Amino acid sequence: MVLNVLELVGLVAFAASGALAGVRARLDIFGVVVVGLATALGGGIIRDVLLGVQPPTTLQTWYYLSAGAATALIVFAFHPHVARLHKAVLVADAVGLGVFATAGTAVALQLDAPVYTACLIGMTTGIGGGVIRDLLLRSIPLVLRKEIYALAALLGASMVGLGHVLGLPEGPVTAVAATTVVAVRLLALWRRWNAPVARDSA
Amino acid sequence: MVLNVLELVGLVAFAASGALAGVRARLDIFGVVVVGLATALGGGIIRDVLLGVQPPTTLQTWYYLSAGAATALIVFAFHPHVARLHKAVLVADAVGLGVFATAGTAVALQLDAPVYTACLIGMTTGIGGGVIRDLLLRSIPLVLRKEIYALAALLGASMVGLGHVLGLPEGPVTAVAATTVVAVRLLALWRRWNAPVARDSA
Amino acid sequence: MVLNVLELVGLVAFAASGALAGVRARLDIFGVVVVGLATALGGGIIRDVLLGVQPPTTLQTWYYLSAGAATALIVFAFHPHVARLHKAVLVADAVGLGVFATAGTAVALQLDAPVYTACLIGMTTGIGGGVIRDLLLRSIPLVLRKEIYALAALLGASMVGLGHVLGLPEGPVTAVAATTVVAVRLLALWRRWNAPVARDSA
């Protein structure tokens, strides 16, 4: 139940991030919906393919697709002023990252994946949608940029894995872990936490 | 039988679109064959992975690969004048899109996927090859450009799904649906049917 | 046993090629590790998805990930002078290509894939990691460039397939085939073996 709500939140957030990035790239309404849906459904499809859930869950019921498409259309109609789009993409992406990384881990655990594997698949689920969005729009993937990204997803996934090992209730743990990822990612963006770049010679 | 012929037509069309785009990007003969094969086989491999057909059909018999490679080599030897390559890519791509979106839906239905799921997988099969081609060549994916693309694929996939629900014979329905997609897509290109772009502020 | 050692060599080589390319693209330490891991694990994950090994082997035990991450971190700390990075990427990529194309074929044969299918999956395993690296970093994929690449991978995969048909011992055959691929690829780079480019008109 908590998991279902979280998944929907992540889906809407990623659909919004994709649609906002599409508007920013001056795509028309179809392109915006395609990027929104690819971002929203991509992570979950990757998760299901890695776990052997075929056909993928998100292609089996109409409400995932509808929620994603509706979000993209609403963004298309009421997007923020273009100058503010970049920030909006980053915030929506942070929410999607946090929710999908942790809910993806929980789903993998429910399907009896080992804890270690579940954490990696969860992290991949969180990162996947954003990578697809950035590849389609030919921008530098967020996961390669200067602020903490994959590490935040791995942190959240590990919290869910740890909760599972300790036997804690899944719903609340996932919610707390997702919130942590979003907080870490937004803090990293806001404070411009940067990691070192390699020296020029060695 | 009709389905096999259609699949071969789609494969040749997509191999040609990939090879033509490769020639246009000044690739050598190996690069042209690689892009041609990736475009021709990509959609079907995505379909099989989503449906759990492992290893994918197109990697199981030699004639898919041979037909794709032969097409790419013929294109390499006898491609149209470079100035006309862009149009040739678009036309070949439209044929591949139509055939793969509809034949992909029919294959998914044969493998007992629910109708709704089959339509989405069919649409993805149609779109997949072209997206791989455009990502490899670093061009803006056709699916994001201004003319109707994914919607045409979804239309054809839905026609096959509807025919299945109504119990109509699969072969002819698929052929008609494929032709419809190609016609819609070429009309959209020819008449430059555009969809609205988002306003600059809101 | 020989196969496990080879896989580890390929993984380290691809992790190094990804990390070197990441340093060259001025990524920070996280980005370098992400590209290194995606390059090192990508090919094997594609292989496992095509063969229906779910979850993928490389996500099931900690040492693949650790070896890849450690390699990326070492490269980050002690990479060659930036001016020489491009050559280092190419050499590491050649080793990864050779090992993964041949070991991938051997793994597919062990999982009872037909010889023809196993060779194609092996070739894809070899090519896959490098394509992911180049797409993430938005460079022209090596597989499309002028020197022999996919053909070298296919040659090595076919040698393993032929050895299997002839009933030769798997380990040594794979090692010889991998060495052949690396030699062919490095020779092609060194001697600038080029294939013809299409004429401008026809």
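The letters A, B and C name the chains in turn, as written, and every chain counts its residues from 1.
Simple rule for what comes next: a contact is a pair of C-beta atoms (placed from the backbone, for glycine too) under 8 Å apart; a residue touches a chain by one contact, two chains touch by 3 or more.
Just so it is clear, the structure is predicted and the values come from calculations on it, not from any experiment.
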Angle (degrees, nearest 5) of the CA superposition of chain A onto chain C
120
What's the call on chain A versus chain B, same or different interface residues, using the half cut on shared numbers?
different
Please compute the C-alpha centroid of chain A, do the same for chain B, then give the distance between them in whole Å.
28
Please set out, as single numbers or ranges, the residues of chain A touching at least two other chains.
49, 52, 135, 138
In the complex, chain A touches chain B at residues 22-23, 25-35, 45, 49, 52, 54-56, 59-62, 65, 76-82, 135-138
Chain C partner, complex, touching residues on chain A are 49-52, 108, 113-114, 116-117, 120-121, 131, 135, 138, 140-141, 143-146, 148-151, 194-198, 200-202
